[in-house]
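Here come two complexes built around chain A, the first alongside chain B, the second alongside chain C.
Right, the complex of A and B next:
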């Protein structure tokens, strides 16, 4: 049920500091747990999150096994021009999700 | 272990005083026991992980399924109107079985009878998602469960279970949640046990979970044998707890530590 919740203001004034919030659905299985039978549960985590604005990278994070399920990111940027934020999550077992949001800057 | 034993002993002593119900004016949601950061997480729809299930539930609501090729929406239309306040009345009396059923069981009976689909397993992503989506439509509505007079004998049974001491620790729900809700147990707040926000996202679970899951965890905690999912005892307990919380606002999907 991979799905993301994105919160980007639809409008901003030039020079405003805006907050961007993203929530991605993921189990973030650490790889350190065992089943009742003793078998290790293989690691299944998101390893990287990036945000591009109009093609330029503005935020990147590496994720590790200690990060909780359904990782939530909140970060700030300065509104300079209208455009599109593109978000990408990459992880184990070929996990890859994208989302985008537009902003109009006056 | 010795520390926990001491707590259990202390609770037993306090519990002996007897269970008194919490007066209406003093009823508090589990929300009010939380730290500000957890409250913020619940209040902000884009930070509340429970909303991921709500989002998924909306997709499932509109998806045609199985032999009947019908979606929930084909009968119930727009859930924002048709499901408003519905979760605040569950568990409700089911005419077919002559018993109370909870929201999960209602969704499954709808699937079986009207969609000719297989019932979804308890705690499955799909069932939690649909339940969360339906329950979300009642956010802010006052709980009305138990108004139906046909439910009275089942509410009474649920209350009996709530008061009943059981398990190796010989505790009943009331010993903590009526008598000691203003205290703490191993650092965590003992709440009043009002199920205002289910299904809810527990940080400890790293997932959304149902009220039945919570009840089973509590029963295991007092070292008693937990009832199976869907057992009549669990539904009666849910029914009693919801009717005990009557008038409080629905919060689903809530966040709890």
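Right, the complex of A and C next:
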């Protein structure tokens, strides 16, 4: 059901600053909406996003209901060696998704 | 062949009912659903620990006029080098009038190369958006932008 879109350059030169873009499909229900009957819709959001490169954390975000549905993030990192980016999203109701992308640095 | 005499009465009752719903609904749904400037100030204090926040260095890119508050593109960049001994360690985004003052916290590593983050946020109303950057030396820098929102997000009814 949930799925991630990851955009990482496949190749980079050593020392290049590269942009990483990620998008996870998720409703990000704020918990502040009501049904027509008046009952509150319970919160269901992603609360944490992390990116590790070869085991070391390079980016982390704490999310709040003010993040739009299908959370999108773009951030930067310096290409130093070939390796694997690992992405993890954790949220309400036991939500947990992972994705990965490889880069070759020359 | 004229309309039944009670049709106007029915319309009146319908309108009165609608007016009653409109009149009461905001009290029920909007009252708890708005952060106050004090909540914004205390959310910022939670991050800075009371330290002085200087204006500058931070660039907050968000459209000044937003048609749909459900997805507002936002980019924060900090004009500061990302060296291991002197870098931007985190970026925090706040708002003034959403139900919660926090939008997101981003934790960067000196490895980032560039202190810039983009995402998409929700805004319930025309309001001020604040970005604060924490540097590795413990100083805080901020920028704020006033955004006009025509279609609000977050608190609308679910059909």
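The working rule: the second predicted complex is superposed on the first by the 106 of 106 C-alpha atoms of A that agree within 3 Å, B and C clash if a C-alpha of one lies under 4 Å from a C-alpha of the other, contacts with A are read in each partner's own complex, and residues count from 1 in each chain.
Criterion: a residue touches a chain if its C-beta (ideal position, glycine included) is under 8 Å from a C-beta of that chain, and two chains touch if they have at least 3 such contacts.
Not measured: the values here are computed from a predicted model.
Asker: Touch check for A:61: first (chain B), second (chain C), both, or neither?
Answerer: second
Asker: With the two complexes superposed on chain A, say which partner A:105 touches: chain B (first), chain C (second), both, or neither.
Answerer: neither
Asker: Considering only touches as defined above, state whether A:30 meets chain B (first), chain C (second), both or neither.
Answerer: second
Asker: According to the contact criterion defined above, which of chain B and chain C contacts more residues of chain A?
Answerer: When the residues of chain A touched by each partner are counted, C comes out ahead.
Asker: Does the superposition put A:90 against chain B (first), chain C (second), both, or neither?
Answerer: It touches nothing on chain B or chain C.
Asker: Would you check which partner chain A:6 touches, where first means chain B only, second means chain C only, and both and neither mean what they say?
Answerer: first
Asker: Per the contact definition in the header, classify A:72: touching chain B only (first), chain C only (second), both, or neither.
Answerer: Both: A:72 reaches chain B and chain C.
Asker: Overlap the chain B and chain C contact sets on chain A and report the shared residues.
Answerer: Common interface on chain A, chain B vs chain C: 68-69, 72, 74.
Asker: With touch defined as at the start, can you tell me which chain A residues reach chain C in the complex?
Answerer: My answer: residues 17, 30, 32-36, 38, 41, 53, 56-69, 71-78, 80.
Asker: Note which residues of chain A are touching chain B in the complex, please.
Answerer: Listed in rising order, the residues are 1, 3, 5-7, 21, 23, 25, 27-28, 68-70, 72, 74.
Asker: Within their complex, state which residues of chain C touch chain A.
Answerer: Per the stated touch rule, the residues are 28-29, 33, 70-72, 75, 95, 98-100, 102-109, 111-114, 116-123, 153-159.
Asker: Under the definition above, what is the set of chain B residues touching chain A in their complex?
Answerer: Residue positions touching the partner: 44-47, 49, 51-52, 55-56, 125, 129, 203, 206-207.
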